[in-house]
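Note that chain A is present in both complexes that follow, paired respectively with chain B and with chain C.
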Partner chain A sequence: MTSPALTLAVPASSRRRRARMGQWQGLLYIAPAMALVIVFFVIPVLFTFWMSFHDWPLLGQPEWIGLGNYVRLLTDTRFLSSLRFTAYYTVITTIAIFVVAFPLAIFVEKQRRGVGFYRTVFFMPVVVGLATASLLWVWLANVDSGLIGPAIRMMGFAGKKVNLLATFDSAFWTIIVMVVWKVAGFTMIILLTGLQSIPVELNEAARIDGAGSWQRFRHLTLPLMRRTIALALILSVTGSVLAFDQFYIMTSGGPQNRMISVVYYIFNQSFVSFHLGYGSALSIALLGILIVLSVVQLRLLRVGDDK
Partner chain B sequence: MSVDAKQARQRRKFWGGFGYHAFGIGAALFFFAPFAWTGLASLRTGTEAQQPPLPPWPTHGVSFDTYAVLNTFGAGVWQHVFNSTIVALATVVLTVIVSLLAGYGFSRYRFPLKNVFFVLIIATLMIPFQSILTPLFIILAKLGLNNSLVGLVLVYVTLQLPFSVFMMRNAFDAVPREIEEAARIDGARDLKLLIRVLLPLVMPGVATVAIFAFLNSWNEFLAALILLSDNEKYTLPVLMTAVRAGRLGAINWGAVQAGVMVMTIPCLAVFLILQRYYMRGLMAGAVK
Partner chain C sequence: MLKRLLATASVATLCLVSNASAADTINMWVRTGIGAAFTGVVDAYNASHENQVALTEVPFAELVQKYATAIAGGQAPDALSLDLIYTPSFAAAGQLEDLTDWAHGLPYFDALAPSHVKLGTYEGKNYGLPLSVETSVFAWNKDLYTAAGLDPEKAPTSWDEIEANAEKIRALGDDTYGFYFSGGGCGGCMIFTFTPLVWAEGKDILSEDAQTATLDTPEMRAAIDKYRSMVAKDLVPESAATDNGTNFLSFTNGKIGQQSLGAFAIGTMINDFPDLHFGIAPIPGITSGSSSFAGGDNIVVTKGTPKLATVKEFIEYMYSPEAQKVFAQNGSLPTRSDIAADVLKGLDPRLQVAVDAIATAKTPYTVLFNDLINSSNGPWATFINAAIYGDDVDAAFADAQAEMQSIIDNAK
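Our next item is the complex of A and B:
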């Protein structure tokens, strides 16, 4: 009671001191995260740029060659064919995943008996690794000890042995089926969040106005899900462009080395042939391609302008 | 008339339900069958395991031959299960600690360049780690961490950070500040406050972060393939490349089936037990 000024002054100054201390404390809390991100991410990214201007062998002195690596990759037919193959693979997988995942998302959207069970089972392959899934399917597709080939033969559809991994097309489609099996549940859940965000009343109103189910899907559901579809699309495209495990494990890049994806080619250049500088230049090219693809997809789906 | 209409409606409902479940069970079989097939096939005896799995179940009695064969690869399967488990658990623990601290810092403190730091962590999501493996390999070698599980764990933790820090910041943002004020008055400060008072409140977020860290580090293949060069340090997926390559040109498919099971079961168990937290994390990521 005696001196209100004093009792007020103390907390004020201590609050200021605490605020100043808080600044350092805040930094202290985020320091471990920042240290990891800087050492194992920011520096490697900058280092990739730096290396891409060098001829960088595993042992011995790196040599500055300016844009040499970039000039080389533009005329590297094996790199260009890995780009072509990756593009082809990306388009086909993405279409296949959406063709399977969209009906599944619609199927598991309504609250019905057993829907939780279905969601869980469809999702199960997502949580195992891509390497594990590749191993599982390379066994299923094996000519002598697998399931698919011998089963086709047993049912009398083929006279001789069916080797799915022997030709490019059958191996390619085996991998597509494996990837759809592995990833469709994931895309399904992403699309499900979009479906559930559409107000029920809108659908009811459209139905009362006499819109058929296809019309409602085409003119109501799809436009309202634009953001979700964009997300699912970008995740699917990015994942496919970065594909490696399935080609390495299932076909070892074969038949006739026609299944070398871009990441597989970078892996070969950097860690089999040890052209580390050239591998870095290829990585930068891959990074550029991914950024361009993401921007293009966001533009195409006009995410951002809400009209 | 009205009885007829009621019957018709019931009939339609029955067939609607029938179609619904017929589709559901068909699709569920497609997604579940490969697991069941491999699991059953892996229990066949040694010679039978090389035959096509038709039928998939063992016809000459259940045996663990395939697992015994798997054990003859690399440094023995237990060593590699141990490696994978250590790597996954260390990744989980470190990711939780680091993202808990960072999430708390980003949620509750003001400091210079805060937004820049946050964007920097999230921006690492934009750059696929596949494109920085080459320098990562060299930097780890410089730090003396190449061909070591410690190095691999640090890389995995870094890869988990954008998602985890984001999750934990949101978890702390959802905790009312009044709780902290009350705890402060009771004398709890700093780390004690964070661990005693706030940690139980953000536990669901921690569970989500932990599950993703576990699954991603248990399953990761490319970085482990590149960064580990010693046989006895291989994690399970890298060991399996040796099994897949076979010996003297012959692949032991029984060992492949056993390996697939060893890698699959922990993932499915974690997912099925902690599904709620997993889906929550996924949806939170999707909505953003």
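Our next item is the complex of A and C:
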């Protein structure tokens, strides 16, 4: 009885003031995070957007050209072929990562002897930087002093020395293997959290009802992991669309420029040919593509309308 | 007490400050692969002068963009050893210090390497001065020649002879190869060592005014065929297909019979690989004659550097007879013609071949050099790999010709 009376006793203006105080406090708490996001994300994106309407050389004076850069990118064959290559790469890596990471996640989910060791080993490559990993694999794939090429030759699969990075197919698959080795552990951990959040009782109940292991996986595990899969998928697709380091370091975009990803092309336009304005327009276009891709993925996995 | 302490401290600080301004350190960038010539001169300068030069080596394929971004970001070095072909575009962008009056005051200004000075001049003002001069030449390993039953003192004079020799050297064993080139997207390496094959025939990849791509000539096709044939016969190491220039000096491993390289490499081999016995000759043309690429670096000064006086002191040292001697010992040809004979006296006679090559040498002039030639994703670098290692030579020619022309046309 006392509390409503007390509440009534407090004047309305003071209540409003307290509410306003609370809002200010809330703002104060998120201010550091907001400042970081604004300074390092929002402002750069807005500035890139602004630059994309200019002919902006790295040295010299920018000049307003309106939509000129955007018109140019629609007919730029090199941009379109970099988009094609990036799409191809994204599809292949994403499938490869999931094919490896899902079994790994199921394997390390069960409590068994040495599971901590396996989790650590599978996760280990993730903590290596992508550039470092690329350099490591450049050495592994080296034709003379590397590991893979000489091993293939030693086992008698090839008569002469094997230069893995010299042809498109072998170089591409070397990079795919490297990326899977590097990233699968991360996807595995995300999927693992999803697996662990499924109540044991559900599985047990299904088993008692006579569901086989495939049926349980198909009708129980997968649907309950929808959100987790969506997260892993979006991270994997975004990462692949933004791929750059491995192509720059391992093949310099070769052989014969066939491994120029979109980001690589943006880099070349901006910092090799010094067309910062055009590079900005390409970046904005890529941002748009990524947003669309993410929205489509969320829709397909119907995340958000669970309730 | 405290006051006295403070006073002593501030006097000490003052001393430190004044010392620092008395001995300047200039920051200078050079490209990797420039060899020991310039670093040797800098070491000699640092040992004998109060002012110091701090060198930073930047990967040669990235030097231009790194410098341009550094200028844009206000972090540029005081001076830079810039591949001479880039001087006009940086001068045109208004980023270099005008050295005209001071340079013309140098008593030996008229004796400085003329092509370097020409490329360092933009709209009548001088922005770059010669730092190093080198030419491309052909080298062969005398020990491998002997082992293969060839005359180690006889330089090959045609590409048929080079190929025949390469086959004999390759026959020596598993890890011994007849020929080497950096064929994995190193445009700079290949313009330096490969275009002399067609230059010797009076042909070029760009027209005189650099406005038309003239890649597809019978001479270029013959030159490409020769390299393709050597690759097909397994006379070239597999690693050449992906070498983006990092292993340009593969010849120094002693298992390569023949390779085209530069004068800097002669210096490096004489000084660092005394056990490597090699001969030097001009690069033969694909059917006759010989040619060479006259390259090297200009020294340029970033506009508005506060250490201009120190940079000038260093440049003057660079042109002194003793510094010119250090350059020459390391394979960089003399930049001052008035003392060239003195400087070269008593030096390795193989350097003389590189000096003589200047007579037949060319230097391409285009402000689009990076986009067209040097960029590892540019049409020239792509063409080399596609034409020599790809399956479709005709397509390689057509693509590169079209791509070069479109870059030229877009820049108009």
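The criterion applied here is as follows: the second predicted complex is superposed on the first by the 266 of 307 C-alpha atoms of A that agree within 3 Å, B and C clash if a C-alpha of one lies under 4 Å from a C-alpha of the other, contacts with A are read in each partner's own complex, and residues count from 1 in each chain.
Note that a residue touches a chain if its C-beta (ideal position, glycine included) is under 8 Å from a C-beta of that chain, and two chains touch if they have at least 3 such contacts.
Owing to the predicted nature of the structure, the values given are computational and were not obtained by experimental measurement.
Using the contact criterion defined above for the overlaid structures, shared-chain residue A:D144 touches chain B and also reaches chain C. Judged by the touch definition given at the top, the superposed model places A:V237 against neither chain B nor chain C. Of the two partner chains, neither chain B nor chain C is touched by A:I65.
Judged by the touch definition given at the top, the superposed model places A:I97 against neither chain B nor chain C. In the superposed model, A:L290 makes contact with chain B only, not with chain C.
Touch criterion not met for A:V179: it reaches neither chain B nor chain C.
When the shared chain is aligned, chain B comes close enough to touch A:T228, but chain C does not.
If you count the residues of chain A touched by chain B and by chain C, you find the higher number for B.
In the superposition on chain A, A:T251 contacts chain C only, with no contact to chain B. Once the two complexes are laid over each other on the shared chain, residue contacts for A:K161 go to chain C alone; chain B is not touched. On chain A, the surface patch touched by chain B in one complex and by chain C in the other comprises residues 142, 144, 271. Across the interface of their complex, chain A is touched by residues 20-21, 23-24, 27-28, 30-32, 34-35, 37-38, 49-54, 56, 97-99, 101-102, 104-106, 108-112, 114, 117, 120-121, 124, 126-128, 130-139, 154-155, 157-158, 161, 165, 190, 215, 218-222, 226, 237, 240-241, 244, 251, 253, 256-257, 259-260, 263-264, 267-268, 270-272, 275, 278-279, 282-283, 286-287 of chain B.
For chain C in complex with chain A, the touching residues are 65, 68-69, 71-72, 90, 93-95, 184-185, 234, 237-239, 241-242, 244, 370-371, 375-377, 382, 385-386, 389-390. The residues of chain A lying in touch with chain C in their complex are 57-60, 142-144, 160-163, 165-166, 251-257, 260, 264, 268, 271-274.
Interface residues of chain A facing chain B in the complex, by the touch rule stated above, are 19, 22-30, 32-34, 36-37, 39-45, 47-48, 51, 104, 107, 112, 114, 117-118, 120-125, 127-132, 135-140, 142, 144-147, 149-151, 154, 181, 185-186, 189-190, 193, 228, 231, 238, 242, 244-245, 248-249, 263, 266-267, 270-271, 276, 279-280, 283-284, 286-287, 290-291, 294.
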